[in-house]
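Once you scroll down, you'll see the structures, which are given as structure tokens.
The following pair of complexes shares a single chain, chain A, combined with chain B in the former and chain C in the latter.
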Partner chain A sequence: MVAHRRRNWKQAISRFLLLDLLKGMIVTFKWQAPSKCYTVQYPKVRPRIGERFRGAPRLNRDPETGESLCIACNLCAVACPENLITVTEEVREYLDEASGKVKKKRFLADYLYDTSRCMFCGYCQDVCPTYAIELTQEFELAIYRRRAFAWTWEMLENGIDQPVYTR
Partner chain B sequence: MYQRDLGATEKGSPGIREMVLNMGPQHPATHGVLRIILKLDGETVVDLDCDIGYLHRGVEKICENRPYTHIEPYFDRLDYVAGVSNNLVYIEAVEKLAGIEVPPRAQYIRVILTELQRIASHLLWLGTHAMDIGAVTIFLYAFREREEVLNIFENYFGARLTTNALRIGGLFYDTYPGFEEQVREFCRIFPERLNEYETILNENRIWLGRTVGVGVLTAEEAKELSVTGPVLRGSGVKWDIRKAFPYEVYDELDWEVPVGENGDTYDRYLVRMEEMRQSRHIILQALDRLPQGPILGKVPKMIRPPVGEVYHSIESPKGELGVYLVSNGTSFPERLRIRPPSQINLQALRKMAIGHMVADVIALIGSIDIVLGEVDR
Partner chain C sequence: MEFVERIISNPVMMEYVWKPLVVILILLFIVLTLVAYLVYAERKVSAFIQARLGPMRVGPYGLLQPLADLIKLILKEDIIPAQGDRGIFKFAPILSVVCALVVLAVIPFGWGVATITDINIGLLFILSVSSVGILGIILGGWASNSKYPLLGALRSSAQMVSYEVAMALALVGPLMFAKSLSMTAIVEAQRTDHIWYLLYQPVAFLVFLVAGVAETNRTPFDLPEAEAELVAGFHTEYSGFRWSLYFLAEYTNMLISSAIAVTVFLGGWSFPFLDRLRPEHPGLFTLLSIFVFAVKVFVLIYMFMWFRWTFPRYRYDQLMDLGWKWMIPAALANILITGAIIMIGQETLGLTKVVGGEYGERLVVPGLAGKAYFIGMAWLVLVPMTWFILAMINRRSYDFNLRAQRQIRLPERPATEDVFGKV
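Moving on, here comes the complex of A and B:
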């Protein structure tokens, strides 16, 4: 009873003349032209990544002095829901050039970022006061060894060696 | 328990040979890890039981051990094809509990984003549901349009599925340059594409044969089973949380709640297609009225809601998605309970499927539109 409710004479004619199928086929063939191809040939053609994309982490350096921007404030480690960032700090004496005195200051000793547990929520880059930790547009994070998922300070600054695929 | 319930060892009545068959957990048509125990007489379903829990991660318990500000990323992983809607329900529950005001610009942008997410979720549903039934063409067409939405999301908050889009008191980011143009461009091409889908499916004799009259759920049955969302509206009940308990700025916008008549799979399909049109309509209105101003309200640095409890629900693409939040005055929630629409809609499967063929069960699972991340949590 329910199945018959939408059947009227118009539909009966269109069924008899296969019009319902032909209409669908016209749509299908409309999109057959090679100019309407949507596929990106990925390893050869790089996809365009959004500017705000949250991908691989990076620890930025000061472009002028080459020193790490990280001030070891530990805010990123606190903000991380998965507690995967370990910031080690050390207090070092340094010569303050403005006043000429020897002062004490916190410096970054080590930085460990476990990408295997990271869910790329972006809270670490959101709280960072000096824009040191940043999630970049890099998205190829596959690694052969499990241990290599823990990114050290050096890996965070320089990035990891990605294999280059050639034919 | 399930073996006993379904009587795997018990003998059928004379003349009927019944067979118990496992569908899933690794079955492509169950859209994840859902095990359905079917009791069959020939190819007709006599009884059915769903075995869930293969994707259980204990999200509610995880949330109890996180401060309020850290919970939002876990909500992306519930209904992972509608991340923004899941973010919204949690964020709004916390705002309701802590009494945080959200500036109007952020509210309008939230509406735009959730409606875009509804379109994306329904497009994924359309593609996979049609492919389950056998219309493979529509799958890639639907994904092509979904890609446009996901590109907007990627440009906006830097992720396509696990969005983590919102923030207690407002938004993470303001719109990017070209956001409005990109959304308007999508809204411009979208109705034409929707018409194309309907040209392919609406009158197709195979589609009609597989959906019309399959899994009829009357309005009374739907209400008794407390299903929500398009499954309820397909049965002819005009119920939408956006109209009943308006949140954000839905009460200022003008749109219709589409309802079906017969409560079969075909009507649920029509309701979802119409919902996508209405979502586009909402997006365009919200874009026209989008005010200038701040995107973040006044939020304390440590969020410690007063002792109390709150239930807040929104209309997610799947139905009523609710969060029940209990605060004990600290920065950690005492209890967080999620009311998942998929799981409760899934309970209607037994009612729908009995008396139909095994192949119709696949059509019905698709028609309920479940996501196992939300069913199991």
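Moving on, here comes the complex of A and C:
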């Protein structure tokens, strides 16, 4: 047994005209405007990515000489929480053009970056003294072979082959 | 050889077998394609309402999506439950589809050729055949031998039986004006009288629309297949092509409900000022009449989809409440009050006359005064009076508005000690 609830005139009229239902229908109708669409046609249209997004790693080169900016200091490997960076260095003799003498210096021999374990924390790029390692805004990291998750020096510099969507 | 030739060229065979076969094939082709694209339209409308885009990848704007869906459905494995009743399980979806498709025969899609058959009990035929379609749902739910389908089937039978009454009663109002059950005659009556019965019968239209949504198992009345509660209701165990037959039946039913509503309330294929074309360009007129009918039907179908993506599902008791306490009393009150209005208009004011014609006699309202009387009475007397009757009937029943329901004050419950004494 339920006590009868009294309505005032306003409520009674809105009930009679089904205003609640109409209000709901107007809301859904308005949402059909194409300008309200949230969908991004992803492979066709690239989504806008935040400036501070941390994605695929990249090993930068000196834009003038084309040599790697990495000085093989191993700081990134030390900073990495997952220990997924392996820096191999070699000491080579080289001709110093300023003094004209032959000098010895550490050079980068190989750089291995295991993206399968990476959590994109960005510690490596924070610690790098020469801005060589950098996390870019590239986010398409899926790949068919498990081994290919370990990115070599070349892959880090040039990026991996991504499928190209034409249409 | 000669025997075969004689059968083929026999005029009786020509009239009653070959010609209807061709018509059936054309109609089925058009309707099935249409239904496939209704699914596409539904997905698009739902997507737009939810600020999405819907299917976009198969063909331009996803226009080939129905084809892809069809291929997928045909290639899917056809599973029959091991404990189920195999025969009935196979028969049920066929029954549903056949009942839905048979009804198409009597719907006047347009003038002339487009009116395929005109039987004088058209509306009765539609109502009776489409109610057999429920049997397909019940049998499907029963034959699955599984709890969710059975629950869905039970719900659907209760729902359809109660809403069928309201639907049929709502159609009585317009029939009082048309005085015929033939679909063509109803259209003709509206066309020659230059009126849409929506203007005379707003309450009946509303009741019919709501009952139509309930009849086609669509939200907010999709309790038989409530996916949140019953997995998929009566077609939980169905897969592949059998499932798609149920789907086909549902969408065809939607098409038919809209077509009946258009024929009875919105003037069918007729449209103001279009009749002038008929003597000079009959072909063009036929095409235009089909076009007008299609536009009206699609507007209603869009409304069905719009309802679906706006309103949440009713609770089961609310559904039954709406059926028995609102729809059926509204339809009955509508019949009574409409009858009174017609009586007064006819006997006292002399605004109408009954004329005979190609389709039997019907009620005609000549002159603007008569039309103004009927329209005014419908909107200013019929609607408030029906509302008043409904309000009186439902004075003490629950409110559908959940927010209002929460504000209901329950009577104070006496303390246990007052009832039983000190324990």
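As a convention for this text, the second predicted complex is superposed on the first by the 140 of 167 C-alpha atoms of A that agree within 3 Å, B and C clash if a C-alpha of one lies under 4 Å from a C-alpha of the other, contacts with A are read in each partner's own complex, and residues count from 1 in each chain.
Criterion: a contact is a pair of C-beta atoms (placed from the backbone, for glycine too) under 8 Å apart; a residue touches a chain by one contact, two chains touch by 3 or more.
As the structure is a computational prediction, the values presented were derived from the model and not from experiment.
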Exercise for review: Go through the superposed model and pick first if A:32 touches only chain B, second if only chain C, both, or neither.
Suggested key: second
Exercise for review: Using the superposition on chain A described above, determine whether A:20 touches chain B (first), chain C (second), both, or neither.
Suggested key: both
Practice item. Using the superposition on chain A described above, determine whether A:51 touches chain B (first), chain C (second), both, or neither. Key: first
Review point. So, A:81: does it touch chain B (first), chain C (second), both, or neither?
Key: first
Exercise for review: Name the chain, either chain B or chain C, that contacts more residues of chain A.
Suggested key: B
Practice item. Identify the partner contact of A:117: answer first if only chain B is touched, second if only chain C is, both if each is, neither if none is. Key: neither
Check your understanding: In the superposed arrangement, does A:41 touch chain B (first), chain C (second), both or neither?
Key -> second
**Study point:** First (chain B), second (chain C), both or neither touched by A:126
**Key:** first
Exercise for review: Could you look at A:135 and tell me whether it touches chain B, chain C, both or neither (first, second, both, neither)?
Suggested key: first
Point to revise | Contact residues of chain A, present in both the chain B and the chain C interface | key: 2-3, 5, 15, 20-21, 24, 27-28, 31, 38
Review point. Which bits of chain A are touching chain B when the two form their complex?
Key: 2-3, 5-6, 11, 14-15, 19-21, 23-24, 26-28, 31, 38, 49-54, 79, 81, 119-123, 126, 135
**Study point:** List of chain C residues in touch with chain A within their complex
**Key:** 45, 48-53, 56, 306-307, 309-311, 387, 395-396, 398-399, 401, 404, 407-411
Check your understanding: For chain A, which residues count as touching chain C in their complex?
Key -> 1-5, 15-16, 20-21, 24-25, 27-29, 31-32, 36-39, 41
Exercise for review: Provide the residue numbers of chain B that touch chain A in the complex, in ascending order.
Suggested key: 66, 69-74, 137, 141, 144, 147, 151, 154-159, 162, 164, 172-173, 176, 196, 199-201, 203-205, 208, 212-213, 216, 262, 264
